[in-house]
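What follows is chain A paired twice: with chain B in the first complex and chain C in the second.
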Partner chain A sequence: MAEPSTAAIYRRLVAAQVRSQASYRVSFALDLFSNVVFLGADLLTVLVVFHRVPVLAGFSLTDALLVFALSSLGFSLADLAVGNIDKMQRHVRTGLLDAVLIRPLGVLWQLLVLDVGVRRLGRVVSGVAVLVVAVRLAGVPATPANLLLLVLTPVAGAVFFSAFFVATATVAFWWVDSGELSAALTYGGRDFTSYPMTVYGGWFRHLLAFGLGFGFVAYYPALILLDRTDPLGSPAWLGWCSPVLAAVAAALAALVWRTGVRHYRSTGS
Partner chain B sequence: MGFVTATADRLTIRNFTEAAGLFRTLGASGFRRFSTYRQATVAATITNTMFGFVRTYVMLAVAGSAVALGGQAAGYDAPQLVTYVWAGQGLIGVVAMWGWTDLADRIRSGDVVTDLLRPVHPVLGYLLPDLGRAAYAMLTRFVVPVVVGALAFDMYLPQRAATYPMFAVSVLLAVLVCFAGRYLVNAAGYWLLDTRGVLMGWAVCAGMLGGLYFPIRFLPDGLATAVYLGTPFPSLLQVPLDVLVERDPPTGQLALLGLQALWAGLLFTACVLVQRRAERRLVVQGG
Partner chain C sequence: MNVIEAHGLRKDFTVRVRKSLLRRERREVAAVDGVDLIVQRGELLGYLGPNGAGKSTTLKMLTGVLNPSGGAVSVCGLTPVPQRILLARRIGVVFGQRSQLWWDLPLRDSYELLRHIYRVPAAEHAVRLRRCRGLLELDPFLDTPVRQLSLGQRMRGELTAALLHGPEVLFLDEPTIGLDVVSKQAVRGFLAELGESGDTTIVLTTHDLADIERLCRRIVVIDHGRVVHDGGIDALHARYGSQRRVTVEFDAPPATLPALPGVYLAAATGPRLTFTLDGTASVGTLVSALSALGGLRDLSVTEPEIEEVIARLYRSEGRAPS
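Up next is the complex of A and B:
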């Protein structure tokens, strides 16, 4: 009997996951729905803020909505692809990781397909819808360059957030009970990138926007789409840099992950 | 073969000394349990602090725009909003807004039967350790974000001496309301096979209507009133924070405390009723 290719094995694993999750129909539907609601809550927060003030740090509602939509879609895609890696500490604590390590497949990929978050599709679909509406409202001209940027940005954002998901989950190798620590940079990063950078001040903006690169997830690309110059005085071409940054982040995350796996010692229980 | 009632005869508490003893023992157990989760406490505090920075800057931008237009953001000025955000980040851990699935897990696994065999009513048996947990969180998870916020930003300090005891009472009531709410959504597990949807519903409502994502008074006035009076969620964070930043005059603060007490009473009554119904229908599979 011919051995199935690696891709085929993963395909089967994912398919089995999807089948098993979808078999609890009510639960699955509720999960899909609540993921849409969570996006709605984030969106509502932006709308409520703009209900009180017409302009926030120099940005109107329609401009800010585009920033929010780009960040949100990038995050949702990352959450769909690798979001379940935040269960890493449980895998370390329960010893599941030991089982995964002795199988002849990539460790990270196995963990990712072990609990595919199909329910998060709800968030991605509504994220696309919000982006389309935001682009319309902001009156972004449909030039080829803009369209390319509109596809590139969420994808680069997804890679970028995925890198943070993986890198911060790796902390569990050293620090088993790291709890919500990774949420500080994943969910915290999403909240940070949901608003124009002009909102933030001082060292905090420099550290997160440039030091960690979160400024490139949505803000700088949005400036190009909106045909605005940066009130903070950065050059316009920064908006095209997000794929480069995403690649760097992914490479660093891979390095952190490899180091983590090498240093892994079972908890022994 | 007959049916045996699974619940034990419950302790009747005869005097104050016995009640105090029960409080001390169970409360201290919660305090001790959570004081051993040191890594988790540090991790959660760092996360709360990160979100504190993001939310503070957003709120400061709102206050800045409102002042530029010659007004105030829903009656809060910038230092009040700073206090609002950081004390709010601290209180998340004190009231334990999300993530408590102990009861639901035990119902699912059947372990809940040992809770029913104890001579203490299950609601009280879960509540007292939770109060101990809240006391520990007040010393750690509340203090750190508030100190960081005070160092990094210009924070509003309550001007009236009476505000401090009122805030303390309000936090206690918030813990009670939050516990009762969490107990109820967990108790849905007596009837539902999978409680994830209910728990998620609680999480999203608590965050959005509790005053965490934005102060409820940022909503249009009619809607804000409806949320305050019609849902228990503002009692979780919004009310203690309103009391702390002196958003209202003393009578208004007292009215808010009354509202919280009312919700606490309602939800605890519901907890006891739900628990009684659940015990009538609960069948634990032996094995």
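Up next is the complex of A and C:
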């Protein structure tokens, strides 16, 4: 018999997780549904803001909607894939981490697939829908470059947010109440990226956009799609840099994660 | 061949002790403090000790979960932490407190998933599963979601899960904890048979003394992170003054009693006498000396309880600073 590939094993594990969660039918349906509602609520916030102020810091409602949609889809994808990593501390406490360490597979991947939040799929689906609508409303021309960017940006955004989730959750190895920090940074980052950056003031904008890299999740790519120059004066090619940034973020997160596991194995807590 | 080899194995933890509201003191605590352990293929080893003695920590170092702070360790010729994935394929682990099974799926599905995780050929897997199904009587609940299993059923399921990839060493952390009598016996019987076949080396920690008497020819006792005993049950009795009792009844109270080393008269009520014997004394010598007195009517020997021995062991070795 041929050796099954590692990817095939993980696919099976994800499928098992889907079956597990689907075994609680009502709860599963409610969760799927509530995640759609959550996205609706987020969307409503943007709409309300722009209803009061039709043009905000140089961006119209339709432009802002595109920024929101790109950020939201990237975030939902990350949330679907790795969102449950914020239960890291619980995994340490319940011994799931030990159970995972005695199996012949990578630790992080196992934790991710053993706990993948299938119920968050609803959010991804509605995120795609919102993006399609936003692209239409903003009148983004369907050039090959734009289409590429429309695929690349949410994926890079997802990798970027995932890296943030993992890196901040890893703090659980050192600091018990890391859940709060993790939530503040990731959800804070998402909220930052949901609006055109021009609405934020000086040092705060610089810190989040460049210091933490959140500017590349939605804002710069959106400028290219909208065919606009940055009111803040940055060059247009920045919009194509998000995959590079996502790769850097992923590498850093992997480093933090490895350090965390090494720490766990030397301290047992 | 040595399946497990540990020399001077140690594990230090840093604990923070709260002294006052703001002041905390860091202190190094040795959970495992220089353990030497050599286990040969096919041995069935009982690893004992009071709570907090370092049993689980040792097991975690042997299975590649925790990195030792010092000393050398090899399992199946591998160094556990750096070679974790290679080792994982060759050992089976049951942590009594932590399940390897998929909670919401039928037991059967967990086995299928484990087959893929461990990359076990389907035929081999089927043979092993069939054997476990028979010996552990899994069939009545093989299609039940794990969350609905009783603790005893689940533990039988866990044992099977740990064995389906044909491990060379099986580590069991408290495999009978919380089980009812029937399940305990099923688990013990299964382990005894597995141990007798000689292919699988078994290391188990337990608080259940019946487990030890039934299963373990060799016992390693640790306390405060150190090995305080390594040997058979008999050696344990001999060393920790476990006392056998000989009770005899004569027609009439004898006038004189034999004086033998290690034999003490514990009670005398008329013609009925009870002697206690420490590890050095022989029952045979005592009995022949007593029967030489004449008029011996009845005799019974009570073997010491392992429970008593272990309790004594924990007390005597326990709290004294070294």
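Here, the second predicted complex is superposed on the first by the 258 of 269 C-alpha atoms of A that agree within 3 Å, B and C clash if a C-alpha of one lies under 4 Å from a C-alpha of the other, contacts with A are read in each partner's own complex, and residues count from 1 in each chain.
Just so it is clear, contacts are C-beta pairs under 8 Å (C-beta built on N, C-alpha and C of every residue); 3 or more make two chains touch, one makes a residue touch a chain.
Since we're looking at a predicted model, the values are computed, not measured.
Undergrad: Once the structures are superposed on A, label A:A251 by its partner contacts, choosing first (chain B), second (chain C), both or neither.
TA: neither
Undergrad: Look at A:L105 in the shared chain and tell me whether it touches chain B only, chain C only, both, or neither; answer first, second, both or neither.
TA: It touches chain C, and chain B stays clear.
Undergrad: Tell me which of chain B and chain C touches more residues of chain A.
TA: In the superposed model, B touches more residues of chain A.
Undergrad: For A:A145, is the partner it touches chain B (first), chain C (second), both, or none of the two (neither)?
TA: A:A145 contacts neither chain B nor chain C.
Undergrad: Of the partners chain B and chain C, which touch A:V132 in the superposed model: first, second, both, neither?
TA: Neither partner.
Undergrad: Between chain B (first) and chain C (second), which does A:A236 come into contact with in this model arrangement: first, second, both, or neither?
TA: neither
Undergrad: Identify the residues of chain A that lie in both the chain B contact region and the chain C contact region.
TA: The answer is residues 24 of chain A.
Undergrad: Note which residues of chain C are touching chain A in the complex, please.
TA: My answer: residues 11, 13-14, 57, 60, 63-67, 69, 81, 84-86, 88-89, 91, 93, 95, 97-100, 102-105, 109, 113, 116-119, 121-122, 145.
Undergrad: So in the complex, which bits of chain B are touching chain A?
TA: Result: residues 37, 39-40, 43-44, 46-47, 49-51, 53-55, 57-58, 60-62, 64-66, 69, 73-74, 193-194, 196-197, 200-201, 204, 207-208, 213-214, 218-220 of chain B touch chain A.
Undergrad: Going by the contact rule set out above, which residues of chain A touch chain B in the complex?
TA: Per the stated touch rule, the residues are 24, 26-27, 30-31, 33-34, 37-38, 41-42, 44-45, 48-49, 51-57, 175-181, 183-185, 187-188, 191-192, 195, 198-201, 204.
Undergrad: Provide the residue numbers of chain A that touch chain C in the complex, in ascending order.
TA: Counting only chain A, the residues touching chain C are 1, 3-4, 8-9, 12-13, 16, 19-21, 23-24, 94-96, 98-99, 101-105, 262, 265-269.
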